[in-house]
Amino acid sequence: MAEGLFDLVLAGLLLMLAGGALYGRSLYTSILLFVTFGLVLALVWARLGAVDLALAEAAIGAGLTGALLFAALARQGRAPEGEFDLACRRRGLAAAAVLLPVLWLMLSSLAPLAERDSPLPELALAALPHSGVEHPVTAVLLNYRAWDTLLELAVLLLALLGARQLGSGRLDTARPWPQLRAWNAHLAPLLVLVGGFLLWRGSSAPGGAFQAGALLAAGVVSLRLAHLLPPLRWSFWPLRLLVLLGLALFLAVAAAGAWLGQGWLSYPAGWAKPLILAIEVAATLSIAASLSLLVVGERREPAP
Amino acid sequence: MSTPLFWLGVGCVLWLLGLHGLLTLRNAVRRIIAINLMGSGVFLVMVALAIRERPGDPVLVALVVTGLVVAVSATALALRLSGQLARARKGDA
Amino acid sequence: MNAALLSLFAPLAGGLLLVLWRPARAGLALGVALVSLLAAAAALHQVADGTRQWLEVGGWAPPLAIRLQLTPLSALLLLFTAGLHLLVAVYAARRPHAIGGADFWPLACLLHAALAALWLSADLFNLYVTLELLGLAAVALVALAGEKAQRPALDYLLLSLAGSLAYLLGVAILYGRYGVLDLFLLGEQATADAPTRLALLLMTLGLMLKGALWPLHLWLPAAHSSAPAAVSALLSALVVKGPLYILWLLWTRLAPTELAVQAGPLLAGAGALALLAGGWAALRTPLLKSLVAYSTVAQLGYALLALGLAMHWQEPRLEAALWLFVVAHGLAKVSMFLAAGELQHTLGGKRVVTLKGASQTLPVTMFTFVTAGVSLIGLPPSGGFLAKWLLLQPLLERPQHWGWALAVVLGTLMSAAYVFRVVAHGFDRARPQPPQVRPDRFGQWLTLLPALLVFGLALIGERMLPWLEGVSR
Amino acid sequence: MSWTSLLPLAIVLSSLVPGLIIFTLREEQQRLRVTLNLAGVALKVVLVAAMLIGVSDGLTFRFSLPFLPGAPLVLQGDALSLLFVTLSTVLWLATTVYAIGYLEDSPLRSRFFGYFSLCVSATVGLALAGNLVTFLLFYELLTLATFPLVVHRGTPESLRAGRVYLAYTVGGGTLVLMGVALLHALAGSPDFQPGGYLDGLVEERGPSLRVAFALLVLGLGVKAALIPLHGWLPKAMVAPAPVSALLHAVAVVKTGAFGIVRVVYDVYGAEAMEALALARPLLWLAAATILFGSLRALQQSELKRRLAYSTVSQVSYITLGVALLGPLAVVGGLVHLAHQGLMKVTLFYCAGNFAETLGVHRIREMNGIGRRMPLTMTAFTVGALGMIGVPPIAGFISKWYLGSGALEVGQDWVLLVLLGSALLNAAYFLPLVWRGWFATPADWHADNWAGERWETHWLLLLPVVFTALASVLVGILAGTAISPLGWARLIVDREFPR
């Protein structure tokens, strides 16, 4: 009963925040509500037992997206919006009138799904001893469905390459005040430590490359905002190497497997654990580098 | 009403709410938020399906992690684009 | 299978190298495309007898892990992708104005890799990731054009994301219902119940949005026409075909026959309307590249029509027609966009009227445009004709199906009208527009190549048919 | 691959290859261009002669290449195709000579001659087409190759005409495409064969066959300028004179008529035509076009437009002969294919000469032109009299056979149509002849060829004299086996085995 009530409160909060984020009076409010939404969502994941997700959501969903949103707001300024006039309201009502029956349709046809189950979890658990890790989610991510993960690193790279086409991504940051500098100087190593811990934990318990990478990125971003780090320049090749490291290593392992007869992305017996660990470390560094560049990447270099 | 079914419904509502925003809103940043809400809705549906059994379905959770990273990458790109556009508009004005 | 993997690996690894190692971009990109092309040819050779090969990624059995499949069709699409990438890369190396920026090289390689991964995948969620990869690569390429392309790029990105999320929700529902993600395992189990219907509906809408299939095509003309010429060529020829491929897999391999039969006329009707609406818009637009982009909308209508009717009548011949349309349109569209870019660049204007006298000032490019246009119209002996012929045969066999044939006729007439609209300006000698820069001869002849290949397609078409039709069923 | 299978291909290539090379030539490479053109013509003449001999000896020439599933590309030399091939080749020869003279010193000649050769290749390929799919291919190719010729001058007027031309021919081409595709869906695409190949289907798929026939005849009727599909033809007169001559005497209008012959006799066959009751509507359409074209010709004040409407009328004689479905009438229709070609090309050359030499475009400007240009005017007179049907010029022969053919199958009313048309022809041609010879000379604004040895450029004069002589000769020698009449009888003997 108490659990049901908790669910109800969480869900109500979630939906209210979502509505507020969409239709908030000013853009600033909207973004604030959206970041809060992310945090509540992380709570929901935790409540539903998906700790990996809770961590990922807190770090990536709420933290990083929030940072990106505020950065976008800073670029956009507080331009008057003229968003919610009468025409918009009419449009909104019309769309709602269309979508409500859709909701009913969806709910009625999805209801039976709550009772079914899947053969995959059992298979995943049965194969776990051979996967090289103890945590089933990590096994899925880096072994059973490693191909998805590889491509997803490529997606991240593409987002970075796409953002690079857009000219200066530099934030016009004010000079940081001294406390921030001092505070960040202590915060950053802490973030690195926590990130490393998450990464390590990932093989046996919730946590892993993405969560760790996002935390590291947060550290880098805060250091950079405090001007404790030099500008991150794309033209600096070790940085590019860092961005590519995870994907390159992953791809090399895949290709080596195919070349040596194991099969595409098959780890040789006994090598699964070290290889997965190596890939995770490399991926963490790459993700951290990519995400930091996405947030605080410097202006594109002059054309050669 | 079982817990999975409840969260399944919440996920659907969230997805539709996002869709509604995408259909009606014009501001780029708000539309990006709407897309993210749609994404959260889908993830909620997936996790709701994952907790139908004990312990939860690791495959679905892993899929959500992947989806989350994809979503954040795309969001980052979209936000940069919108920021650039806004800046260009300010430059024009 | 290893050959197919090489065809995928080469552009992926090449893309990474190009990011890292910046000098000698063009050469490396060309090498990558060439290797991929050869590997794809080898892959096609392996399955040319109509067999299908599986690869279980990571060595895990199917329901748990991802499977890749190599069929004659996917091998052919690999070959097609690599060939077009090579061609565009050669052109881009020669004509730097057509690419927008140096990042074209890695992005084009990654786009190629995304498509290769898509053609090979047989797993619904993996297909989602490849779709996102494809979408982001395409958006990044569009953004290469600079400021004027940012609004279209953002619209493209947002709608593409919305499409992906609709698709993903569909995937989630199917997984919830059947507990597996492998397309063929799902195909064995699928029944026509409410969750399956809902999932298929969501996925179809999402894919139609991503593939710019009418009526969800509104983002396409702006995005395709504002991109640099080489990018437009890749986008129109290749990128929109990815979602179409998934749509085809979904409805012919996964969906229960009963549902496919029901949904067929809807898709076919959308296709017929796409033919008309796209053709009409192409006739009306004052801008050259926008005309070419609308023609993509119209041409996708043929493919959608073929798909819908193939579903409705369970007719494998129409599936062959669908893929022939895709290949013929891809080749013709590469030529057409590159030619349009060349015309724009040399004559210094975006509008169709600036082509006045182009048949004298740029005869080869104008000829390229016409040759490609002839295939789009579907005049013999082009690949477009072959595809249309295959589409028409089942339509004409029974008088009650002649209504569909009428749509094809109208589409043909419309495409003739917009192609000749451009051509007529080319022959106008009243006030010819003088070229702004010296035309590049090699580039001109290069753009002609794919248009000529479309005509070659008609000669080998008969041998290709078994690869396209029914083999992977 | 023996020589009998390669010969049809070689005949098509003998104009296609020079044409493609000519496209790449620079404007000033006049000599090379002329050499290439003439070499192509000469080669084609030799090849066609070889094939003529072969076919009259009973050899078959067939070249085939896989193309569509169940429908290969087939080039085949049979008696009927050779009639058209020979006509095209001879007139190509004459027109090439004429065009070299006509276009001397005008811009964009490489492009012109390139498309000109393509156009002839398409016509010849169409004549040699061994099945409907191949026919369709060359039919569409012809549309594409003639469009640049129509808009060659690049003026707003010619562009407008080009648009109209395209609208009609692409529309017609699409109808033909649908007709061919429909027939393929019903019966496949076997080779053309005398008597047709649809016999087994008449009972079962009668309505579908009727629809296919309507599609084909309407589509072909665009090029054959059957009413109401003739609108493009007078407008296309803005093209340079050699193009008008070629379009009107051979390439475009005749392909339409030739296609109708093929469809009626070698796809449907007389029996199926009877069984499906298709011949009668076609006959009416042809008769109406004959009268309508002549009436409209009478109203024109511009020479080329009058000739154009005359073409509308005259080409339908072929369709008329075909639709009568009797052996004699078919002989008349087929022989008219050749005769009308010779006579009409003569008339167009003459009109071109008048325009080029004296700037004469309108009929009233022709007054007394015979004194300034006697040779051209003589040729014009021959052509005009032949069109009316005065013996012994070629036109008389065709009308004689058409008339007897109509009587043979009991369609006596057709005689009235023929008679009426002859009177109308006389009414619009004889005044021209009278003006040319007997009226007081008009005041010509310019005389581009005053004081030279000949009345105009010799390259313009030669083809005129040649085709006029030929028109008379084929009339006089009609009784011999090598005349078009003899050949048409050979075709009909094979078509209607008795």
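Structure notes:
Order of writing sets the labels: A, B, C and D. Residues in every chain begin at 1.
Here is the rule we go by: a contact is a pair of C-beta atoms (placed from the backbone, for glycine too) under 8 Å apart; a residue touches a chain by one contact, two chains touch by 3 or more.
Because the structure is predicted, anything quoted here is derived from the model rather than measured.
Here the two chains linked by the largest count of contacting C-beta pairs are A-B.
Ranking all chains by how far their C-alpha centres lie from the centre of subunit A, first place goes to D. Rounded to whole angstrom units, the spacing between the C-alpha centres of subunit A and subunit C is 31.
Each chain gets a centre from the mean of its Cα atoms; for subunit B and subunit C, those two points are 28 Å apart. One simple way to say how far apart two chains are is to compare their mean CA positions; for subunit C and subunit D this gives 43 Å. Separation between the centroids of subunit A and subunit B, computed from CA atoms only, is 12 Å. In subunit C, 125, 129, 132, 136, 139-140, 143, 150, 173, 175-176 are the positions where the chain touches two or more neighbouring chains simultaneously. For subunit B, residues that reach two or more other chains under the stated contact definition are 18-19, 32, 45, 49, 63, 66, 70, 73-74, 77, 81-82, 84. Residue ranges on subunit C touching subunit B, taken from their complex, read 125, 128-129, 132, 135-136, 139-140, 143, 147, 150-151, 153-154, 157-158, 161-162, 165, 168-169, 172-173, 175-176.
Subunit A meets subunit C in the complex at residues 105-106, 108-110, 112-113, 116-120, 123-124, 127, 143-148, 151-152, 154-155, 157-159, 161-162, 164-166, 237, 240-241, 243-244, 247-248, 251, 254-255, 258, 262-267, 303-304. Listed in rising order, the residues of subunit B touching subunit A in the complex are 2-10, 12-14, 16-21, 23-27, 29-30, 32-34, 36-37, 40, 43-45, 47-53, 55-59, 61-66, 68-70, 72-77, 79-84, 86-87, 90. Of all residues in subunit C, only 357, 359-360, 363, 370, 374, 377, 379-381, 386, 389-390, 392-394, 396-397, 399, 405, 409, 412-413, 416, 420, 423-424, 427-430, 458-459, 461-462, 465 touch subunit D in the complex they form. The residues of subunit D lying in touch with subunit C in their complex are 65-69, 73, 108, 111, 133, 136-137, 140-141, 144, 147-148, 151, 153-156, 159, 162-163, 166, 170-171, 173-174, 177-178, 181-182, 184-186, 207-208, 211.
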